[in-house]
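Mind looking over this structure? Questions follow.
Lettered A, B, C and D in written order, each chain numbered from 1.
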């Protein structure tokens, strides 16, 4: 059902741009949640060999994790840490969006490069995966707020998830679950880390964390 | 060795003071004085040998050993330096190295003896002595090297025995230059004018004399006799350059004596004609000598 | 070989025991000393046995270390170099305990025996190793052990600095040797020396490369200018007997390495000889010049080691030139001179360092300007030091003269040869030796004169005491050796033939033939010296007899009428050397600061001269500083901003992807 | 116990140990448990090693877990070093009073995380599936993060955050690389199910899509390389090592970095099959780069632990370089892995202990160690001398083997650069070492109880370093050879 994939692709891209454009962290988290849910559906659609229990299980776990648990954790953290907006990122919101456009173009090109090698992978998703990864990196590099950096990391996770789902036909369930578990733990660990940093420094602007040099 | 070999050293031992006497006489003559008799040096030496001795308070036996050793080394040197016609008492390959070694030993002994007195004047003299010696030694080595290259021999007797008329014809510039540098060395090693004034009495300007300032009695006698011997030996190195190869020994010997006398007179003339160099210009003078012989050698190579 | 292994065992076991028992310093010291002396004597026995014609000892074992094997051979050449190693270490062992009695902390002193014995064993192992990796291992241990001796007085900043300079220099030298042996091992397919010769013989390019590596690597250990900078730092810092061992034996191991390499390199090329000759000449002259400028006795001696290594290199250089120009006589003279000087220098330099140690032990300083008049207070030490000085200056009839006679004669022999190149080499040799000889005489006149003669310049010197008997014994033995070898020259030289033939690859009988006339000549020379000695003795007796009758008085020396000459009026070491130093100001480049007396009533006047090593000061330190600043620039990439760190990761990835896509 | 169960036991023991720690009543118990567990793990690893060396592979859980000579070698190194670190931890934390008391809560936290990370590392080493290997690797990151910020002060938190974020991103890349590998297998016609089993990937008949494999290896190299601390992506390393408690730093340098490199090496055989010398070229490049960059940084380091951290970058570079230089190089690299892990963990222990005495890690202040604490001063001297490549310590030998490998590969420029870097490190590190070991201490050192465990750490480690520098036991040669054979030669 390529049409469905295309929709997911477009909406997913828009969430990325939203992440780039907004300064309000709460909004970012929600966009992330939306994005997570969207792309969790990809394996269900992409797998033309019918819906196996395994696929459904995985999709469900993903939706639960990325759609509910992560946002919950992050929002809780936001309120605990008490920051609500990203103030003056390294790269301004407009510039970020411009970057997003460039990144989109680049990932289209890259996807076209890769597609012949990964013939069975739907092109749209390939391009989406690359775009997600690049955007996630960009968020980490361009934002001061540790929370948004976590969000960036999760965007990368989404990208990787999509990429894995469309390229690898069937990976052992064990692996899939392991990966999910890792993402899960990662978010918690980062959450705790941010909590500690916040309680120690009184804020979680990671650009204040530059005492260690040389 | 047969007795005839002992001629050269005997001549040296006997005539060296006379040689000095001639120099002094010449200087006196030029200066228009009558001057001391030719045998005056002998008298001085004997007089000093009869005297008692006074030593500085801090001295050790080294100060006594110095003169003895320097005499001994010079006598040994005398034994290996050939006299025209008579040759040397002892000769062996590389004896020129031994000659230089002996000079060094004697100098080392006198320098230590000087330092032993603990007087600043002796120290100063010693410092100058080693300074100039350090420059003179390579000069002597190179000069002898040039001769060795000319005559294809490495022992003094062979070298000096091998200088014939046509040697001069072939290697005129080299030999001439070597001669000049020997003359310079004669003046330097024996601290004559223009390097040093043996008769001066201002300590600050002296080199050799100030080193032996506190030597008395027999030690001083030995030192003066030793000075005469050294003058004689280096003189021989210069006079020996005369082309006497194949000349009848007796003629050669007479020629040698004549040559030494002429040398003495020349030195006397120089001493009367020239003034002392300033202490700082002496090194150039010596290095000049070294350069001369180096040039001589390079002339030979090309 | 068994004896040698016993020697190793003795040295190592006692060393370990010494460091284990460091708590009971005295027992530890006794054990360490016993091991040092006995082990070295045993080793000496092994070496002498081989030199006396016993067939070369051999040991081959399997070493599980890949690219290495245990292969030991004691041939004549090795045995010959074992002489200084074990000989000097025997005497330093004998000397050491009394010396250490008042130096440093007792525990350190006890521990130092471990490093001393390990050093000895390592040097011996280097000399007998025939396997690249084993050689390197022993070489590194030999470099590391003295490090702990240099840092002996570890509370002193200067000692730690010296230790750093020493080990850094040693390791940088080793880097070249690593390349050398890896290169050879790679070409030969084996790390065994036997395998090297084959690949080198027919590959001039390779052998030239190897030669250059060897010259740098081994030269830095031997102390060739400009790689000499560690010597004047390390030797003064170490305990004197350790300095004696390092200067007497360790730097010779560097020479050994070079000679051994030359034997493997096959037919030498002329420019190698010239390189060695020039390196030697430069080191010789600069070494003695820098020595002249020193006023620290041990630094002065260290620079003289540079000078003497220079002389050795000149000898080897002449020898190599002889081989290259196919003039066997020249080759024989050169190698004989160089090799003989190896042992001679070990003897008199060991003696001089031990003497300096005795002075330090008695006065707690080696600063020349604070010494003086010690000959009266420590006559035996003074006598030994005098003999040592005379020997190192190369005065007849001592051992220094024999080797310098050989070398200068090699120069003359070169002169007589038709080839202009040989003549030029000869002239170079002569000029260098002439300068070195004269300057060395000046330097040791200063050293001995200022330390032992005149009046004491400080209270410590005033109250100096004679050294303990073991120290005296060690020095006396060395002094005796100086004299014996001096007079035995004619018989020593023929004995060299076999060793020279192993070093030069020429047949022994040919070398014997070319050396024979020289030993004959030396025989005559020796008789001359004997006569001279007899004459001197006679004159001494006569003048004594005359003075007995004429009477002797003592009086203050002439001081321009000043009645009471004091120590402060004496000529100082600096002023003694000043004319020569200023003559060669350009080369010595030592910084002087003069506050001249001024006005009619001058108040203060001072003169200070810092004779720090020019190469260290003007070449190495600036280079290191520059490099440090360069490295500090790297700081900008580690500025602590996490975003940029992540960016690095991304950038690396993108760069690689771009690279493969292109 | 059958080898198959050994693997399960290897995983089970640390996990149960971690749980036990959570339940432990007193800090002492926690420390005891960690020591006991790592001792057992070492025993099991040794047993496993024996059976691997006698047979070829040891499988378990239906091929999910496979151990071959290469992984068992790392397993042994891991267990050995981990035991050392655990022993030292018992010494270190026993005296860790003052601002950060080692009370029950922290103790439990430490024990759980400590043994948990051990389990994760073992998982990496024993898993046959590259995906699970990745999971284990990510787990180590997450578990060790809080070990860095164990003291929860600003600097350690900063270091922890950097470590966490940078390594997570890196590991994410590594996962992309893993996916690419699977894709490469599939488009090469391989079956999906066991696409990620390295036992299959290494098979010579494996057909892999070169383009995808290229991408795969690049992602893997950058991803795991971040964790292994290869320059220029080493940025987290000095901060983490300098801020973590000494035992943790020791464990990081001694175990974690090797294991990250191990992960990269698992991808090298397929990369060689698909791309020939491509992987080796990259390894050599990053190896040399790491050596040079680290050398440059070491020149101006002031903090002892930062210096050691950069030295880790250098040595990981050396190991990577070795892997890139063919069979002989692989041998050298493995030998070097062992030597470096021993030396570096010992060095960190020594610096940590001395730091407790002097209350600082500043190399200018921390001086005269030998005088104040003979044992640890000696340990510091020996280990750092070994690290900067002085004979007769083990690292000199492995570096010599590496030089031989470089010469064998005719890579003279590489050889030169390596020697240059090593020399710079030697010269600049030695200056600090001399003052640290011999200097005349300016700061008074606080007296600490000499603990027997200290001897149990320092003496055997030093002895081993010395011994391996002089004599390589044949069985060890055998083990390393077998391990190297697993990676095979360059195509």
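The working rule: a residue touches a chain if its C-beta (ideal position, glycine included) is under 8 Å from a C-beta of that chain, and two chains touch if they have at least 3 such contacts.
None of the values given here were measured: they were computed from a predicted structure.
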If you walk from chain to touching chain, how few steps can bring you from chain B to chain D? 2
What chain pair has the highest count of contacting C-beta pairs? B-C
With centres defined as the mean C-alpha position, give me the chain A-chain D separation in Å. 31
Which integer distance in Å separates the CA centroid of chain C from that of chain D? 44
Distance between chain centroids, defined by C-alpha means - chain A, chain B (Å): 101
Can you work out the whole-Å distance between the CA centroids of chain A and chain C? 70
Among the residues of chain C, pick out those that touch two or more other chains and give their numbers. 635, 638, 640, 642, 646, 650
Going by the touch rule set out above, which residues of chain B reach two or more other chains? none
Which parts of chain D, given as residue numbers and ranges, touch two or more other chains? 161-162, 165, 169, 215, 238-239, 297, 300
Chain pairs that touch, by label, are A-C, A-D, B-C, C-D
What does chain D use to touch chain A in their complex? 64, 129, 131-132, 134-135, 138-139, 142, 145-146, 149, 152-155, 157-162, 164-165, 168-169, 172, 175-176, 179-180, 182-183, 186-187, 192-193, 195-196, 209, 211-212, 215, 238-239, 242-243, 297, 300-301, 306
Chain D residues within the chain C interface of the complex: 161-162, 165-166, 169-170, 173, 214-215, 218-219, 221-222, 226, 232-233, 235-236, 238-239, 282, 293, 295-297, 299-300, 328, 331, 368, 370-371, 385, 390-392, 396-397, 400-401, 403-404, 406-408, 415-416, 419, 422-424, 426-427, 430-431, 434-435, 438-440, 469-474, 477
Residues of chain B touching chain C in their complex? 49-60, 62, 64-65, 68-69, 71-73, 75-76, 79-80, 90, 92-98, 100-102, 104-105, 107-108, 111-112, 115-124, 126-128, 130-131, 133-142, 145, 148-149, 152, 154-155, 203, 213-214, 217-219, 222, 283, 294, 297, 301
What does chain A use to touch chain C in their complex? 90, 113, 137, 140-143, 206-207, 209-214
Once bound in the complex, which stretches of chain C touch chain D? 63-67, 133, 136-137, 139-141, 144, 151, 154-155, 157, 160, 163-164, 167-168, 171-172, 175, 178-179, 182-183, 185-186, 624, 627-628, 630-632, 634-635, 637-638, 640, 642, 645-646, 648-650, 652-653, 656-657, 660
